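Each in structure tokens, the structures are laid out below.
Shared chain: chain A. Partners: chain B in the first complex, chain C in the second.
Moving on, here comes the complex of A and B:
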């Protein structure tokens, strides 16, 4: 079941949400986050998977950020699909702001992007994947074996060949490092 | 000559990057990489093989591992 949690802002900010107001959906586990993300994106919603804010003590290691003005429709669709969130929280406080899943580190000749628990490192000059680490899921060695040594454009997509949450996180890192390299 | 790369206490990808730099830049034909965790051991071995090097030996030394790499 879910709750609509306005925390402590009940009587002071009952304003009508403007389009840029954001909310986050908190789920019990990451599998539900992935299912919800796929469902909402397939229906054209502008949602984004993020890290949970420090003010949220429930749920898993991922949350979904969404335009708050759409909360009624989103909640109905998720409930109908059998994946209702634990909570829906308007981002009304810095402590409720979701954190970016990505962390980028420049090693000079190499660039590393970490997404959640997975790290992907490429050689900047050649865009060859030189390392994949992190996780702890059983398919990480397989993913590394398939991807390391390949050019970013030619490596298999971890989202397609992976079978675990690590594969999902690695796919996010893959998309982010591609985005950075194309700028 | 053999060059020793001490990557103990470092988390991936740093041991891999140190190994790749040594493969690319050094004149030593043999590298000995010291690591202290399984992930680094796997990743350094894989990176060396991907660069066409031969992993000659992997020796456990207590909690550490010594990986001997011959440059191709």
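Moving on, here comes the complex of A and C:
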């Protein structure tokens, strides 16, 4: 009931469009967003999961940002895959700009990245995961047990061992903290 | 007697029932099996036990099973509850990290109805989702949602958290509205203890108390502090206090325990749990108008 499958993506990226060339795809539920993200990324589309803009009242907690010029092709591919979005909205107004899912807090010796409701904290010097907090999904205690105390490079990926929306959010936090550490 | 129903994040952990006690500062023991006090139901149980030292409570009964989020253990535990609950004598019953399953939830609630005396019912995490999804939230005395979970309770059209706006993107500035909506549509228990930057104590949709101090910044990083708050509320309810009073003292004690632990972002929830006796003693001493 609570789970969904994570699909591996090839993550080929195409040219990044200017902000004014972007659109968002709104879905009924977050499971469909994750399925659509995996499908589109596996086909090489430069899409990004974000939070819904304040101007959009329909849909769930996540939207997909995409290059607007490709909207006909994307809509066709998603419809053929059985995951048509509720609506497609061009980002033409500040109130339609999707929200970044990430928030970073620098505690000095420690760095915390929050992705939606899940927070992952590492010790900067060692890159050891020292805490995972947030979320009440059934797999959260398991994710914390498996990841805390491990080096970022050696910890199991929450996208592989998690089963819920919280696990998905934690995977996003994991990817973002890795990105920040590699800069 | 207070009973704690929940899961241990270890698939090999068997289904066990019996008194839970602490061994040292970091370990629980149930049915001869040792469990580290970490986030999830073990953190809730650790908080109950530390609070019990101050409140003079008997050891709680644990009904635990291993589950890593796939639901296999939860379903075995649900089956066990339907068979054993009717014969049990309990005053407070806490349901915690369990796989939400509406059919099993309803069977468990039937088993509660068959008990000679109905205990006060508390639901948190996965079991609370199932209670809302079943449409029987008002059968419960207390829900302890965080702000995201409150958004799900408040969304009368959402059959599942996947459909809820705000479940993972918390709407901290809308908590009073979410409380009102959850209660208006009978998707909240009679009492709510909403956990967040500010904790809210609610009865029948009315906010009776707000607790937002002390606030240790590093607590945001520490996993399991919501579990300890639910455990504290359960222990205080077990003493016979009113649910709003138990919720208010629990919220204050949880924050004081965090402050007393002088946490940094690497602190673990067990560091906070071990401060509960001192924190709870202080929280009880702080006189507030009765609620």
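Throughout what follows, the second predicted complex is superposed on the first by the 163 of 183 C-alpha atoms of A that agree within 3 Å, B and C clash if a C-alpha of one lies under 4 Å from a C-alpha of the other, contacts with A are read in each partner's own complex, and residues count from 1 in each chain.
As a convention for this text, a contact is a pair of C-beta atoms (placed from the backbone, for glycine too) under 8 Å apart; a residue touches a chain by one contact, two chains touch by 3 or more.
Just so it is clear, the model here is predicted, and its values are computed rather than measured.
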Following the superposition defined at the top, how do chain B and chain C come out on chain A, clash or fit? clash
Please tell me which partner, chain B or chain C, touches more residues of chain A. C
Just checking: does A:133 make contact with chain B only, chain C only, both, or neither of them? Give me first, second, both or neither. both
Of the two partner chains, chain B (first) and chain C (second), which one does A:90 touch, if any: first, second, both, or neither? neither
Quick check for you: in the superposed arrangement, does A:51 touch first (chain B), second (chain C), both or neither? second
Counting only touches as set out at the top, which of chain B and chain C does A:98 meet: first, second, both, neither? neither
Figure out whether A:112 sits in contact with chain B (first) or chain C (second), or with both, or with neither. both
Between chain B and chain C, whom does A:145 touch in the aligned arrangement: first, second, both, or neither? both
State which residues of chain A lie in both footprints, the one left by chain B and the one left by chain C. 107, 109-110, 112, 119, 121, 123, 130-134, 141, 144-145, 148
Complex interface listing, chain A residues touching chain C: 1-3, 28-31, 51-52, 59-62, 99, 101, 105, 107, 109-110, 112, 116-119, 121, 123, 130-145, 148, 161-167, 169
Can you check the complex and tell me which residues of chain C touch chain A? 7, 9-10, 38-41, 67-71, 74, 97-101, 124-126, 128-129, 145-146, 148-149, 160-170, 217-218, 220-226, 264-268
Complex contacts: residues of chain A adjacent to chain B: 107, 109-110, 112, 119, 121, 123, 130-134, 141, 144-145, 148-149
Interfacial residue positions of chain B with respect to chain A in the complex: 11-14, 16-17, 20-21, 39, 42-43, 46-47, 50
